[in-house]
């Protein structure tokens, strides 16, 4: 019955670029015949597409914006799907000596005070929101001297930071995909503060009756099922696991 | 073709005012006047290519429709950016006649113009006189009943002038009306039935 | 794919642009300068803005949402039409401006209908017309902002070479991006060579 | 900001483009069609590809890395020059093609130097030249791919109106994006009105 | 001005071949020939506007440099897209003379051409004869020593022809060499010192 269904999923560029969806979707299509078109945009734009009913479900990683999204009744049935983590990368010389940082807040404070360059996404993406949150927690006022807000995607920001010999906050997936082309090195990782939870949210069928709610729900169900979760855990880039399934069922 | 109360102005200056003008079928008229007296302008208005500030031109009590029945030959004929043949063929292309008839007409026209050797040459590379000849041949294909010829012989050699005179004679016999301008005296002016003078902004007919 | 969308858009936009360009160069009418200025201003609209407006219009919650056009090829075609139209108008205006008024008068004198005369004059400036088409084609094929937004860059469906390039560069896959750029370039070169061949002999040199 | 960069790029590119366009339309030489085809192909290069190439060239590990130009305004100007050059060449070629060869011969006959004659002929097609400039300006001001990559869209430094718009749309801030679009439009309109005023009386209607 | 062994071809067909041609200062020559015989082409080559397939044109043993000393007047003069005054002024603009002298020259030229009333009119709206007059006035400002006039009187009225004849006379007295073509017989041809014929691809001098 679902053979010709075409679902539309809006997600963030970083998720899409990591290759996870290219890995999962063909499997799902094989099983059910449902085709899923992925529209990868910024987090803000992804939620906006959901709000306008132009897609059937969204997969994002900006907890507060998502909460607001559900609160406002644009989306229903938000479910935690998985998490990955952020990390700080920067020049090998490490002018802010992040090696000595105890936690991520220390690390941020050291960057701000050392006068080094920090490149910010500046595009209100999940990563950017996370970064702003961390600056606030670390009690640093923005923008400081070396702060560069560039308003571009993660891949570009990594290249930019590399070019400017600055630090930046990145998700692991993009970093793994790009690191072979960069001089920057991984300088800080592993703090719990840096975990990055993904949710999958269905577009409210009462607001947008034309959306394929049932098919979207079936897909979301599959993602949080044991099968989907196992698949997520088994996805690797450059021999490293990227996403950690975390659905609570 | 009748025009009444025709007036042409540029801004505030009046070029000329014509009370009445009548061109009958089978008539040949020579329009004379100094440089800049407004001959070309009059011909263009009669052909419907420019509009007068006042008055109107009627053919059989109907307004002139551009390109119908009236054919105006430019003082400096425009050559389309194609071969000599192509310039002739474009007149025929709209006709509903068999390809064979068209081919025949094309060849006649080419022969008449005397440009057979240059048939495939780009029309824009023709010499001044050749252009004039081609323009006449092209207009001939239209078979209009009113001909407005603007200095057709200006850059023609003797042979060309003779050909032009013959054209005018043939046209007249076939009942067409011809209004032509030229600054040269000669055979062409001698065969005209009337001479009109453009003088001080008025048209003086004989 | 890219080519199909762009060519369709071009072919739809061209006749209207040609007529408008013709009217602008052979006719004076009140508001003439206004149309020209407006068109020139339209040239400076970023394609992302056109994309944005189209997204707002075609979105399910927008006025034309029921047509279900967003993220489809027709939507991309509409976007590209909007993008190339002002450019085509400007270039066709320029092209026709190069033709003497005598051409029009002569064509009409020889008994051509208005449409026929327009066609003849378009042929007179055929190289300029080709140049206009090639330029407009370059603009739409190379355009990424609107194509991304309106088409959604869905793999295998609304992904064009150009949006792929944009995607590859965001991934940092520069080599891949340049490779795709070269593919596009070669395709464009082939197309231009085809156009060049049809131009025939008299291409070079100013007229007359 | 946007305007300064774009105008600078335009003014640098224009003279070269004009001379090349002139040579292409008044001279036949072996390789003529090749230059034309190449230029037309260049028109189809997406701006992101130009951006990409510039990034590779200007990056610290690239051949011109020592100039430290990447993510500066000069780099953006270079990018925009590359973007508008082929367009300017195509349009100037088209413009000059509208001039009869007699114009050149007459100018030379009257004792004008080559440069003077070129200038006279450029004046003959001044409206087409203006149209070319306006079109090219539209292209560079509206361009986002290259500006993003080469300039880096750094807030307060290399961020232009257009890259801001692109940023706002990725944020989903459509209203903000459109507002900025309107700002750009108004600025472009003002510029075009200025151009329109200098055009003077004889703008309308085909020549002769 | 001397030319030897001049030959012009279009592709495989030869337009003409001229063994030797000499134009001396103070001489006025009338070049005759049928339409399309290659007169215009010869004048353009002498002016350096076209290049021959063979041979070369020398002035005082130096190659002609376009726009120096030699002035060629087109059969259909090109009017720059500016006012009548502007068309005259552009010749003067390159000169290193005081503004006052230039202004004087401009007014003389305008007066000579008889287009004072049309000084501010766009040159392209002039009538055929007026264009020709303006082109002559414009060339006069260049003061070249070799004049190549291509059908200067084709669309001129009697007054215009008289003016042209006077121009030629004045020029001749000032020691300039003039080569002109025209299909009309009249005053202009009578004052010429020599007549050259372009016939069957050869130049026959008297």
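Remarks
Order of writing sets the chain letters: A, B, C, D and E. Residues in each chain are counted from 1.
One rule holds for everything that comes next: a residue touches a chain if its C-beta (ideal position, glycine included) is under 8 Å from a C-beta of that chain, and two chains touch if they have at least 3 such contacts.
The shown structure was predicted, so the numbers you read here are calculated from the model rather than taken from an experiment.
Using the contact threshold fixed earlier, the set of chains in contact with both subunit A and subunit D is C. Looking at the partners of subunit A and subunit E together, the chains they share are D. Once the centre of each chain is set as its mean CA position, subunit B and subunit E turn out to be 28 Å apart. Remark: subunit A and subunit B have CA centroids separated by 78 Å (rounded to whole angstrom).
Separating the centre of subunit D from that of subunit E, both taken as means of CA atoms, is a distance of 41 Å.
The geometric centre of subunit C is 46 Å away from that of subunit E, both derived from CA atoms. In subunit E, the residues that touch at least two other chains are 76.
For subunit C, residues that reach two or more other chains under the stated contact definition are 100, 102, 169, 174, 207-208.
Residue positions of subunit A with contacts to 2 or more other chains are 49, 152, 156, 159.
Contact annotation for chain pairs lists A-C, A-D, B-C, B-E, C-D, D-E, with touch applied as defined. Residues of subunit C touching subunit D in their complex: 24-28, 32-33, 36-37, 40-49, 51-53, 55-56, 86-87, 90-91, 93-102, 104, 125, 127-128, 131-132, 134-135, 137-139, 141-145, 149, 162, 165-166, 169, 174, 177-178, 181, 184-185, 188-189, 192-193, 195-196, 199, 203-208.
Listed in rising order, the residues of subunit B touching subunit C in the complex are 44, 47, 49, 66-68, 70-74, 76-78, 80-82, 90-91, 94, 122, 124, 138-139, 142, 144. Put simply, subunit A touches subunit C in their complex at residues 8, 13, 17, 37-40, 49, 51-54, 152-156, 158-159, 174, 177-178, 181, 208, 210. Subunit D makes touch with subunit E in their complex at residues 100, 102-103, 105-106, 108-113, 116, 120, 123-124, 202, 207-208. Residues of subunit B that touch subunit E in their complex: 33-36, 38-40, 75-76, 118, 125-130, 133, 151, 154-160, 183-184.
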